[in-house]
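Here chain A shows up in two complexes: once beside chain B, once beside chain C.
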Partner chain A sequence: MISRRSMLRTGASLAAAATVGTPAISHAQTKTLKITTWGGKWGDIMKATVLPVFEKEFKCTVSADQAFPFMPKLQASAKNDPLYDVFHTNSNEQWSALTEGLVMDKFTTKEVPNVADVHPWSVSDKIVGVAIFTSAIGLGYRTDKGLTPPKSWKDLADPKLAGARGGYLIPVNSLGQCHLMMLGKVYGKGLQDLDAAYKALEQLKPIKLVDFTGQMEKMLLSGEVSEGVIHDSGVYRYEGQNQPVDFASPSEGVMALEQVLNVPPGSKVKELAYAYIDYMLRPDVQKLLAEGVWYSPANKKVKLDAKYDAKLLTRPEKVATLIQPDWKWYNARKDDIDARVTKILKG
Partner chain B sequence: MSFGVDRSIDLRHDAEPMTVVSHRPSPIAWLIAPAVLLFVLFFVLPFGVMAVMSVYSGNPVTNPNAFLTTRHYERFIFDTAGIFHDSLWATLRIGLVTTVVSLLIGYPLAHWMARMQSRLGHALALMAVIAPLLTGIVVRTFAWMTILQDKGVINTTLIGLGLIQKPLPLMYNEFGTVVALVHIYVPFMVLTLIGVIGRIDERLEQAARSLGAGRLRAFVEVTLPLSLPGILAGSLLVFALAISAYVTPSLMGGTDVLTLPMLIAQQVGTSFNPNFAGALGVILLAVCLVIVIAYNRILAQLSGEQLA
Partner chain C sequence: MSAAPKRRPFDAGSAAYLALNLLLVAFLLAPIAIVVVFALNPTPYISFPPVGVSLRWFQKFFAGSDFMNALALSLWVALCVLVLSVVIGGACALALARGRLPGRTFLTAFFMSPLMLPAILTGLALFQSYLLAGIGRPVWGLIMAHTLVAVPYVLRTTLAVLHNFDHRIEEAAAALGASPTRVFFEVTLPLIRPGVFAGGVFAFIVSFDQFPVSLFLVMPKNETLPVVLFNYMKFDLDGAIAAASMVSILLALSVVLALERLIGLKAYVKL
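Right after this comes the complex of A and B.
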């Protein structure tokens, strides 16, 4: 885990870079940039280092909303005066926002120059806006239960794990939705083979389901669950804390849980919003956050310390294991899927 | 809006005394104005917005293409998904069971506290009842999770003592949900009942006993009917809170429990469909109003018959 000293050191270097100045938006002055962002360790680093440096460099104030869910609030605000100037969510919500015309589609290097240096997954056709980080959704497991480290998604169906396997309430959690699509791939013809996925889901009962990843972390740490679906950062963040948990990347691939930034078209400070996205893609900012919360950075130029580089998706062979779901396809049939899985998992 | 009238007498010598009506609001009426304003701002207005949203295809303020439709209500009524009616029934069932259990626990406690002679004892008991309210619902629910989960206090103890082999299913079902809801809402029942039972003249019960009634009969025929207004108020309060609960059923219910408030939160927070959420809200309120009015009438009738 990143130390306070290294965080301060990186913060100082970011601040030094800020004094050099950037050409993109020197006229921003005292504008306010309204953003969404996460809490927890991510929020701590943002508040302590990332946002103050950005404010100083661009002579603006950043107003950060950490109270999830963000999408209903954006929906409720006027399109020509949106509640947020930068919309940070996971990929599934960005696609819903795009459908309603609440965010932009893509960015060019003219708007966000650092887009030129990102991994292809960051701006693929499965992404709206630009993904600045990704996590790998795989299997977390207890190392003190005599379990063989899982190699396949099918290992979660091991009868020995009955009642001790964990998943998510699929209607409300995108990791659960990714898991469902992965079941279609592993047991059927592909990510969109819902019939195979439903059948496989039935076989996972009894399974303990939670509605957010923090709860899954707690269940793994307490031993309530021996093996469960989780993102790599949800396990790696406990490294060095002597916790009997580890993360496994199944051979069929890991699902992507991207951190995506976007700009509502009606933003009054669009240039500043682009500058913020560009700033978040800078190698030094990416390194600070990636090592702080164990997220795989989007910028290819980022050089992580060895222990992070060994586990995160930085090298081409590891990036190749990342599977990005088609959220446009999923969102279009979400209501039907929600009803079906609710009935399957009830009881 | 009218807040009431002042009536005064005209005392002119050249005229017949007559009553005139002043349109000035009475001072007392002004005192309730903030409450009325709050009610309008925080209930009538939001509910009105929700009701309007429920008959539109989108947000008519931000989307000029939004049109009037009944499709959200049709979606619930025809329930092709097969989960909405179950969800409504589960909501009402959990509300009903929570109310009954809260009443069964709360009534004896309230009766005991209302009849307590010692002021210190009453104050201590009152503190004990109020104490849980000083902790947030999320914290209290998490506390129940640590007690009821498979690796929780109860199951670990029972397995440790060799009394059971596998953990009892205490959580992720309606049982766990009701247990946590009862814990949260019993104080509301007790506090409502104490006031009503405390105002019942004890001598009435004593008179019944002096006329030969046993302790149980005196309670059933004298105290219980007189405390019906408290039972009614407490039950309605707990029922209303229980059917609108979101956090506790979400955390304690797992996949076995899907209530309408959970569905509403899903529609707003993850399906981004506030219009259908609005329709579910209107339906929940309408069904509850029907139940509350029916309950009110039955209990009022029962109370009248008992007193007669």
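Right after this comes the complex of A and C.
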């Protein structure tokens, strides 16, 4: 995990870069940029380094909202005066927001120049706006329970794991939703084969379900579950802490959990919003956050330290294992899926 | 030689009643016991039996500026709500119980209505109203929102006291020459005080623990403790949450005990 000293050192280099940077917007007036952002370690790095440097370079103030839920707040505010200027959330919510006309579709390199350097997954047709990082959703497991490290998603159905496997409340958690789609691919004809997915989900019972990924981390750490669906950063963040947990990328591929930035069309500071997204895609900012929270960076030019490079999705062969779900398709069926999975997993 | 005292015959009904009460007490206290164990256990996850006793999560809680700012804001908001709801709720109760108001039943239901609505809807509706009015999400807006959901508690407890109130005492004071103001401050208020302040205690606790209404109304860097804890839990589910819960429980308990010492809530309990 990144140390406080290296965070400060990187912050200093970011500040130095800011003095020679070429900002695309006018610096004449102080503006406020309203953004959404995560808490936890991510929030700590943002508050300590990333946002202060941005504020200094662009002579603005950033009002960062970490209090969920972001989507209903954006929906409740006027479209011509949205509550946020930059909407950071996962891909499934970005698609919902696009459907309601709350965010933009794509960015050009004119608006966000660093988009020219990103991996294809960052701006693929499965993405609204631009993804600045991704995690890999796979299987986390205990290394002290005599388990063979999982190689396939099917390994989660091993009868030995009855009552000791972990999943999510699918209606409220996008990792659970990804897992459901993956069951369709592994046991049926593809990600959209819901009948096969429902049948496979039934076979996973008894399974312990949680709302948040943080809860899954703790269940793995405490040994309450021996194997569960989780994103790689949720396991790698404990590296060096002598915890008996590891992450496995199943052979069928890992699902993408993207961190996506977007801009509501009615933002009054759109240029500043574009500048912020461009800043978040800069290699030095990407490296700082990627190594701080174990997220795979979107910018191809980022050079991570060896231990991060070995595990995160930076090289082409690893990036090729990433599967991006079609959230537009999923969201259109979400109510029916929620009703069905709730019935299957009830009790 | 005196006869041995007779053993009381086994009473199955009393035993069942005692068992039920013990079960209820256990049901109420078990979550608090779990919180205590989690707060004092040094592991970064819930484990039983605990592996030791540590104050590391309390240290993390008290050293975290986000937690401390949120705690200070929650206390400030709860104190303002206590005062406002006591004044507004007390005055409303007096008007409803004593005044000859047309549509009194409707007005009582109207003032109690914030308790009928899901609090999350109240929060969302206020959030939208504030944005439409162009006032944003100031702290005083949060205080107003909490007051809205806290007033019914003061209203209910004060109305309960006024229901048993003997008006002849006030009439006697007036007949002896006391002005209406003097009658209010020296006769009425002392008699309804337990009900008003019991409502005030509820108002404080309702505001201090308020989550659904606050969820939409807090501003970045100006978040109340329950909102900060909820967001913290999504990323770092460790013992700091339990330590914060312990601090909240102790604070709420302190307020109740302080008010009991100052104004004697037992008087209300006896009613």
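Keep this in mind: the second predicted complex is superposed on the first by the 342 of 347 C-alpha atoms of A that agree within 3 Å, B and C clash if a C-alpha of one lies under 4 Å from a C-alpha of the other, contacts with A are read in each partner's own complex, and residues count from 1 in each chain.
Going forward, a residue touches a chain if its C-beta (ideal position, glycine included) is under 8 Å from a C-beta of that chain, and two chains touch if they have at least 3 such contacts.
Keep in mind that what you see is a predicted model, and the values were worked out from it rather than measured.
Asks: So, on chain A, is it clash or fit between chain B and chain C?
Replies: Here the two partners, once superposed via chain A, clash with each other.
Asks: Please indicate which partner A:D305 is in contact with in the superposed arrangement: first for chain B, second for chain C, both, or neither.
Replies: After superposition on chain A, A:D305 lies in contact with neither partner.
Asks: For A:E202, using the defined touch cut-off, is the partner it touches chain B, chain C, both, or neither? Pick first, second, both or neither.
Replies: Neither partner.
Asks: Does the superposition put A:K73 against chain B (first), chain C (second), both, or neither?
Replies: second
Asks: Once the structures are superposed on A, label A:A339 by its partner contacts, choosing first (chain B), second (chain C), both or neither.
Replies: first
Asks: Please indicate which partner A:D144 is in contact with in the superposed arrangement: first for chain B, second for chain C, both, or neither.
Replies: The answer is neither, since A:D144 touches no partner chain.
Asks: Pick one for A:S96: touches chain B only (first), chain C only (second), both, or neither.
Replies: first
Asks: I'd like to know which partner A:G39 touches here: chain B for first, chain C for second, both or neither.
Replies: Second partner only, chain C.
Asks: For A:V172 in the superposed arrangement: first (chain B), second (chain C), both or neither?
Replies: Touch status of A:V172: first partner only.
Asks: Kindly classify A:S222 by the partners it touches after superposition: chain B alone (first), chain C alone (second), both, or neither?
Replies: both
Asks: Of all the chain A residues, which ones make contact with chain B and with chain C?
Replies: Touching chain B and chain C on chain A: residues 69, 72, 76-78, 222.
Asks: So in the complex, the part of chain A that touches chain C is made up of which residues?
Replies: 38-43, 63-69, 72-73, 76-78, 83, 212, 214-215, 217-219, 221-222
Asks: If you look only at chain A, which of its residues touch chain B in the complex?
Replies: Residues 69, 71-72, 75-79, 93, 96, 100, 163, 169, 171-173, 208-209, 211, 222-224, 334-336, 338-339, 342-343, 345-347.
Asks: Quick one: in the complex, what on chain B touches chain A?
Replies: Its residues touching chain A are 59, 61-63, 81-83, 149-151, 167, 172, 250, 254-256, 258, 265-266, 268-272, 274.
Asks: Residues of chain C touching chain A in their complex?
Replies: 43-47, 124, 127-128, 131-132, 215-216, 218-221, 223, 227, 230-238
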